[in-house]
Amino acid sequence: MLDKISISRYYYGNSLIHQWNPISKLICSLCFIICTCLIQQMSVIILLMIVLLLLLFSSNIPFSYYGKAVWNFRYFLLFFFLFNYVCQMPIEQNILLLCKLILIGLYSTMILFTTPIGEFTLAISVLLYPLTWIHIPVNLISRMISLSISFLSTLMQQANNILKTLAVRGIHYDSGSVKQKLYIWRIILLPIFIGAFRHADDIAYTMEIRCYSLEVNNQGMCKISLRFFDLLQLALHVLIIVLVWKEGML
Amino acid sequence: MESIIRIENLNYYPLFSNLTLKVRKGSFLSIIGRNGCGKSMLFKILLGLIPTDSTIQIENMSLKENKQAILKHIGVVFENPNSNFIEETPRENMKVYMKNLGYAESKIKKRIDEVCTQFEISSLLDCTISNLSGGEKQLVTLALALLHEPSILLLDDAFSMIDGITKEKIFKILRKYNREQKLTIIQITHDMDDILYGKEIAIIDEQKIILHQKKEKALQEEIFKKAGLELPFMASLSSKLKFYDLIDAPILDMDKMVNTLWK
Amino acid sequence: MEIKFNDVSFTYNKVNYQKKEVLKNINVSFPESKITGIIGKSGSGKTTMVELLDALLLPSQGTIQIGKFVIQKQSQLKQLNDLHFQVGFLFQFPEEQIFNTTVKEELEMGLKFYHYKTDQIEKRSVDALKMVGLDTSYLSKNPFCLSQGEKRKVALASVLILNPQILILDEPTIGLDAESKQSFIRLIRLLKNRFQKTIIIVSHDTDFLLPIVDYVVVLHDKQIVMSGDKYTVFKQVDQLKKYGIKPPKVIEFSDRVLRKKGIKIGYRDEINDLIKDIYRYVR
């Protein structure tokens, strides 16, 4: 059942990608995404795919996990494809769009798989720091983002337990009709909401006990060292953007 | 001796009415009572998570005014193993906690290694929390609570999923901390045999603390029964054997009991 | 109805790196209309074993036979739908899975899903409540407002309403106080004696299991290392400790007497019987 969904999983490892500075990672992923959006030709997609595959390979995580992540979004991709088809978008453009989505999906999955929540929060809070000049509570936002991500996996586990409880009372999700599936979605809302609120309360207590504060004193938390690899990646990504832009201009 | 924790005339509807509790430094107190009598709530009030008007003093500081400072001296293990973690892995949780308290990087690494070797959980440090079993989570949380060398340790049903043999080892370590470093430990538990590892017992019933004594004196059948509890095995055995005139005084150690019965 | 594990192995194919082998070559048979306890260190695979019994998980290898149902790796969950009417399962902390705001709706959920008639549903609700020792006034109560022990009983009633012949309880007494525990012990005995149900209990609380089980299975390091009638298993105090299990104190006391004084005072279930034996052997 829901066991198989992998939304926010961090896989421990010591690969180059794992040790990649999170700020550099985020900037590079932004570059990659912007770049992907700018592409107009299939050949460039293939070039980017090769770069991506190299990165995925150096993350030391089996390709099957990346495959599974994409497979989980197949309905979304299918919906997108059909929607564009109905809107009479030319088939090549449609496929190009699909490939772009897959590229972006894989890249973000790689980031999710290799970045612990702590580093993620730190990177986001550093990158958004300029917003504090206009009085936007950046630390609050980044803490909320990281907590939401960890909440998701707890909620998934709870939902899975709830579905199991229903199964032993004779209510099976997998073998029900569409109407029955909708009924199940309706009835699991109550325990899931209650569980979520309880968990939120507990997490709030724990954060108070562990003296979590919202001030930006997180600077010392991770060893933010800029290594050769990080600079190389930044350079590489900027280079790619420039290339793609030039290509587009030609 | 001065009390390290002092709660005076706590009123919290509907759980507590005029509750008073004074805990001396170096105590190893077990708080027991039937389900729903408010034990976990007492901890939350003690930690300042639930505001009340009553006077609560911890380490001679008033809770209302010095909450942040007081929290730095307390280690807590909550009941639900899943609610004790914010970060992804045990190591991350430990690092962030110590950082929040202002420790230096080198000291953090040293303490993590020390505590994890003691509790034998070094292999679990880098696993994702959701992949750990309930018992493993509870062990990690205990290690987390002791990292910053607190002067008070609060355990709320902290060992419910840990098996008996591992629990014995843990209590041995905790008693050592209690003896040598005068760590004040307060545990809430439903397992009546766990209370024998402690030194004092307090029972919550009818919105108050009806008993707070050294365990040898506190193990009285009538009071336990009234509070909806049963005596630990050895205490119950002693009480019944005393009734049949087979022993004179309660004996809590099994070997001693055997030797006394069959001289 | 035969309940049998035939060379069952189970590996978690979790979407996170390592495959985790949880059970290896399990062969065991559970006696009908008796209470069997499954004990083992935390993480030894107890919960996985019973989840396999109710087809909440499928074995990676081997087959599980429950009466006419056979569960194996390739089983279709659709075909095993009816299994839940034969095997009831009470999870750990069932208080966290309440779906409705009245006990009546909570109990009726399963039967309503299968379009049972209203009068049948009502009758079965009342019977289920009676089985767990709650009276009909509970039907209109809000399950969220009940005490922990009562919540668990309502959860058990929601499983019993399907009238399963086999009942699996996963750590039923965890977090319960003494009164509720005693109440649960009486309840389980009633289910076995009056309703002849086959009951399988997973617990690490051997003191709770001792007075009620007939047969014990010990799991350690993915395999079954001991099985047999309760005294045969529980009296092997040293072996149990080696497997990380604390033996029941009543038995441990008798064992201590045997070791230190060479006197065999016999193994008992409850402290009162133990006292009688001690009295006899001391005088």
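Order of writing sets the chain letters: A, B and C. Residues in each chain are counted from 1.
Heads up, the rule we're going with is that a contact is a pair of C-beta atoms (placed from the backbone, for glycine too) under 8 Å apart; a residue touches a chain by one contact, two chains touch by 3 or more.
Only a predicted model underlies this, so the values are computations on that prediction, with no experimental measurement involved.
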| item | value |
| --- | --- |
| Most distant chain from chain B, judged by the mean position of its C-alpha atoms | A |
| Contact-richer chain pair [A-B vs B-C] | B-C |
| Approximate Å spacing (C-alpha centroids) for the pair chain A, chain B | 40 |
| Averaged-CA centre spacing for the pair chain C and chain B, given as whole angstrom | 29 |
| Overlap residues in chain A, where contacts from two or more other chains coincide | 9, 12 |
| Shared-contact residues (touching 2 or more other chains) in chain B | 128 |
| Multi-partner residues of chain C (at least 2 other chains) | 14, 16 |
| Chain A-touching residues of chain B, taken from the complex the two chains share | 44, 47-49, 68, 71-72, 74, 76, 78, 80, 82-89, 92, 95-97, 99-101, 105, 126-128, 130 |
| Chain C partner contacts - residues on chain A that touch it in the complex | 3-4, 6, 9, 11-12, 65, 68, 158, 161-162, 164-172, 174-175, 180, 183, 187-188, 190-191, 194-195 |
| In the complex, chain C residues that touch chain B | 14, 16, 41-43, 147-149, 174-180, 204, 206-207, 241, 244-246, 249-250, 252-253, 256-257, 260-261, 263, 271-272, 274-275, 278-279, 282 |
| Contact footprint of chain C on chain B as seen in their complex | 34-36, 128, 131, 133-136, 157, 160-168, 190, 192-193, 228-230, 233-234, 236-237, 240-241, 244, 246, 254-255, 257-259, 261-262 |
| In the complex with chain B, residue positions of chain A that touch it | 9-10, 12, 116-118, 147, 150, 153-154, 157, 199, 202-203, 205-213, 220-221 |
